[in-house]
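In the two complexes below, chain A is the common chain; its partner is chain B in one and chain C in the other.
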Partner chain A sequence: MKKVYVNEDWCLACHLCEYYCAAANSGAANMVAAFRNGKKPVSRIQVEEGDKVNFAVQCRHCDGKPCVRGCIAGALSIVDGVVCCDENKCVGCGTCVLSCPFGCVVFDEANHRIQKCDLCLKNHDGEPACVQGCPNKAIVFEER
Partner chain B sequence: MPVNYMNPLFEVVRDHDKCIKCRVCERQCANEVHKYDAELDRMVSDEMTCVDCQRCVCLCPVNALKIRPNENRFRDNANWNQQIMTEIYKQADSGGVLLSAMGTPKEYPVYWDKILLNASQVTNPPIDPLREPMETKTFLGKKSQAISYDENGKAHYEKTPYLELDVPIMFSAMSFGSISKNAHESLARAATELGTYYNTGEGGLHEDFYKYGKNTICQVASGRFGVFKGYLDAGAAIEIKMGQGAKPGIGGHLPGMKINDEISKTRMIPKGTDAISPAPHHDIYSIEDLRQLVFSLKEATNWEKPVIVKIAAVHNVAAIASGVARSGADIIAIDGFRGGTGAAPTRIRDNVGIPIELALASVDSRLRDEGIRNDVSIVVGGSIRSAADVVKAVALGADACYIATAALLSMGCHLCRSCNTGKCNWGIATQRADLVKRLNPEVASKRLVNLVTAWNHEIKEMMGGMGINSIEALRGNRLMLRGVGLNPKELEILGIQHAGE
Partner chain C sequence: MRYVIIGNSAAAIGTVSGIREIDSAGEITIISDEKYHTYSRPLISYWLEGRVSDKNIYYRPDDYYEKNGVKTVLGKKVTKIDTANKSVVLEDGLSVPYDKLMVATGSKPFVPPMNGLDKVHYHTFMSYDSAKAIRSELKDGMKVLIIGAGLIGLKAAEALSEHNVDITVIDMADRVLPSILDARAAQKMQRHIEAHGVKFILGTSAEELTEHSAKLKNGSTVEFDMLIVAVGVRPNTELVADAGGKVERGIITDQTQKTSLDDIYSAGDCTVSHDESSDSEKILALLPNAYMQGEVAGRNMAGRESYYLNAIPMNAIGFWGVHIISAGSYDGEEFVEETESTYKKLVFRDNRLVGYILLGNVARAGIYTSMIKEKIDLNEVDVDLLKQKPQMMMFGKARREEKLGGIVR
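Presenting the complex of A and B:
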């Protein structure tokens, strides 16, 4: 199954992936509209910065799927290997945030629910937004 | 500084209606032009250090940025223009020689743009390169003057080492030091994929790149950086650099701050020391001396590799090239005065040398007149900007072209001409680890391959239009060229007729 992978050798910590992700999943028509009037849509990918190493972190859609097992509301499910979240069912308990070993689940304070990468299934145009927006091909969408 | 005599060269125009304050511009600017002001909740700019490299413009996800020339002017004066005034203020501040990078931006005549190509009509049919075979394969090196056959019909001719190029385009010399390791790797990978060659420049060959040796030209310059047996053996050819188009008569100077561990190891000089290439080769003061080095290098590499001698296009270039041809070199590379550089004194870059078009025409004519044209191949460089320039160069007599500025552009360079600062925002002309990272060789080599592949298609189209199906038949075919707006002397030197003739 194709997944999003990050090569830290090429990650510049420019944070563009976060903005492309947030805009793509905000439902707004474009990037400007997504952030208009001080709105801050949540990004499902987060760049971790270090002294020498930077990399973007997003859901691995890992085999153990502790988030799905831990979800108290049945909001998280696996669709063709992709861990998806049903926004209407999520109660914002944060169990998945705690249980994710990679720190990939993001809490959306404004809407009191979680946000997580679903490989842009809902706004799909070939490649996830973070992959398309990476200026240095540090984020790739491929079979491994 | 209490009084700043100089204006910022550019102004940053930000559309605050569009700006989403993502701060990408701030993170990507090594010159620290952009800043987020938390109090104002707004991006602000300090334009004084902006070099117009366009990195922020290209990465801005909402196209909110424009970099424009500063509208503020010193009082207009056709003689003492803005640039001249700025340079005087700069020198009055620093007391130093002005440094510049890349090719001269001055408005000198570009003869490529005053030469037009022929096309077939009615009596000699054009060829469609998409339907019929079209050959751009090029061999560089000495061509045998005669073939004889023995009684068994076996051909005998002089065999000398040569280079085989799938396209008549090579990447010219850019040293590791002047450009980053990733830029070097991109060039090496692209040359390998394209079946052509890239040139190490004078900075030696990084140990990771020996695997690209088949497609590498190893340069030996006056500083002799990184030259040892393994280096000479690694490449497909050896180039002796006598001069560089951007700075004829001048050596090189890579400041110590750029000599990090890897460059120090590759160049074989202590870390942190300035790498100074002398203006002359201290062992070459005559054609005989040059001949000695050519033969020394051939001996050192078991006579298996062609030797290129690179000279800058200067006033007596034809006579110099004639001497070089007689020195035993297999290939002469001529670099025109519009060629690029990582750093050169501004006055040299902008005032020394001659246009490559005129140099090429006069060298080719001279070598033909003297009957030694087949002893050497001619490679020209120094601002070859498009496939049309390549076709015109070949028709004027070149065997192949060297491209470097065009190659850098394809990798992302925006010709901000600030390579000498070492803060290249595109990760090309820098050694700062965080900036070098910005050039992913996987992306850059692909772009290089795309560029040369596209040019090769265009070369075939233009040749096809002329009814020529092999680059060999175009070589030195000046009847395919006509000048426009050139005076009789220029036409005479170029060896072409005026349009309409």
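Presenting the complex of A and C:
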């Protein structure tokens, strides 16, 4: 299965992936519209910055899937290997935040729910927004 | 193969998943004394609050049973496991034969003896029906008394605060949420909840109940129109105990989730688990635990060896917008950091993280949970970064590559 991977040697910590992710998942038509209304949309990818190294982290769609198994609402499910969240069912309890070993589930406080990477299945054709937007090609979408 | 599952919540659904990983043809029957399609028990407070609709309280889609080849017998209680004939007997006398049986009977509300309680109309808060009963009796301006400031009692309080009622919570413990919080975090949460109009009377209990009032041991009296008893839960172990299975505080299983009885498995809140973080036996009444135990049991029932390991107490919950995530054991060397609105406690023992409490800022808490479960030695991480916040940066490059899937070369 193709997943998003990050080359930490190339990540510049520019955080552009976070902006592309947030805009792509905001439902808005474009970046300007996504950020214009005053509320900063939630990014499902997060950049960690260090002294010597930076990298972005997002859902690994891992084998264990403790988030899906532990979901109290039955909101998380696996669709063709991709962990997806039914936003109408999620109550934002945070059990998936408690369970995710990579810290890849983020709260969407304004809507009382969580958000997580679904590889842009619903909003992009082919390639996730973070991958498309990375100026240094540190983020790739590939089979491993 | 005939699989019978007693229970219809998380552990039962996990069992179906475990069985169906291996055996797509075997006959599965779910029997429950509740009449509903599988629903999420922890969502009853959200339903009462009005945030979850009648439709969204269900744990799985409408066509779940059909898609998974599950027959259901709903609204009927199992009264006996007949191990000699390998069948379960229902309240109407009907018996259902099994080759492999799952006992996923969960827990029931614990109602301690209180003077006068037998003459008072009261509610518990554990089932969809109990939430519906509360909802149907709610009236504007009502005084509600909740006995129990634990997870269930406070979730009930939060839900009811969306209605126009006056809420008082009493607890014998001197603080709220004693099962998951330390004294300091509890104080913060109590203040936060009080700011939303809920009154607390802690460190005392009801001495005498009459129809509309509770006389407390501290001498005061609380008037109420509705009483909710949410003191705690007790596992439903009777079926296994009566059949001669080993039961202590809960049903005893091995790591495959098999009970001491042949072909009988058990999972979820009715069982005793091994808490890896404190190396002790505990009832871990948590939905993820129930589901994953069920899954392991299901695989074993279908003939594939599987073990349930690395269980720890863990909890994610929130009240009026403030999240709490906690896990593991609180016995060890502490690191505490606090701001006006947040609290963080990390507990270290044997050179590893064994427990934590995060309140207010709980982002990425699962990284801490995984450190406890994987028993990662502190020599393998940057401890300063660990203390700062949960982050993948604290792991060395090699471990990070392994966790995140490697780098592009």
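The criterion applied here is as follows: the second predicted complex is superposed on the first by the 144 of 144 C-alpha atoms of A that agree within 3 Å, B and C clash if a C-alpha of one lies under 4 Å from a C-alpha of the other, contacts with A are read in each partner's own complex, and residues count from 1 in each chain.
Criterion: contacts are C-beta pairs under 8 Å (C-beta built on N, C-alpha and C of every residue); 3 or more make two chains touch, one makes a residue touch a chain.
Bear in mind the structure is a predicted one, so any value in this text is a computation, not a measurement.
Trainee: Answer with clash or fit: chain B and chain C placed together on chain A by superposition.
Mentor: In the superposition, chain B and chain C stay clear of each other.
Trainee: State whether chain B or chain C is in contact with more residues of chain A in the superposed arrangement.
Mentor: The larger set of chain A residues in touch belongs to C.
Trainee: Does chain B (first) or chain C (second) touch A:G81, or do both, or does neither?
Mentor: A:G81 contacts neither chain B nor chain C.
Trainee: After the superposition on A, what does A:G133 contact: first (chain B), second (chain C), both or neither?
Mentor: A:G133 contacts chain B only, not chain C.
Trainee: Touching A:V6 in the superposition: chain B (first), chain C (second), both, neither?
Mentor: Second partner only, chain C.
Trainee: Thinking of the overlay built on chain A, is A:G27 touched by chain B (first), by chain C (second), by both, or by neither?
Mentor: Touch status of A:G27: no partner.
Trainee: With both complexes superposed on chain A, which partner does A:C14 reach: first (chain B), second (chain C), both or neither?
Mentor: In the superposed model, A:C14 contacts chain B only, not chain C.
Trainee: Check whether A:F35 is in contact with chain B, with chain C, with both or with neither, and answer first, second, both or neither.
Mentor: first
Trainee: Between chain B and chain C, report the minimum C-alpha distance in the superposition, expressed in whole angstrom.
Mentor: 10
Trainee: Touching chain B in one complex and chain C in the other: list those residues of chain A.
Mentor: 9-10
Trainee: Which chain B residues qualify as touching chain A in the complex?
Mentor: Result: residues 17-18, 20-24, 27-28, 58-59, 61-62, 433-434, 437-438, 440, 442-443 of chain B touch chain A.
Trainee: Per the contact definition, I'd like the list of chain A residues that touch chain B in the complex.
Mentor: 9-10, 12-16, 19-20, 23, 30-32, 34-35, 52, 133, 135-138
Trainee: Provide the residue numbers of chain C that touch chain A in the complex, in ascending order.
Mentor: Of all residues in chain C, those touching chain A are 14, 40, 42-43, 46, 51-52, 56, 58-60, 287-288, 291-292, 295, 314-318, 321, 323, 325, 327, 362-367, 369-370, 374, 390-393, 397, 400, 403-408.
Trainee: Which residues of chain A touch chain C in their complex?
Mentor: 3, 5-10, 46, 48, 50, 53, 55, 57, 60, 66, 69-70, 72-74, 88-89, 91-103, 105-107, 109, 112, 140, 142, 144
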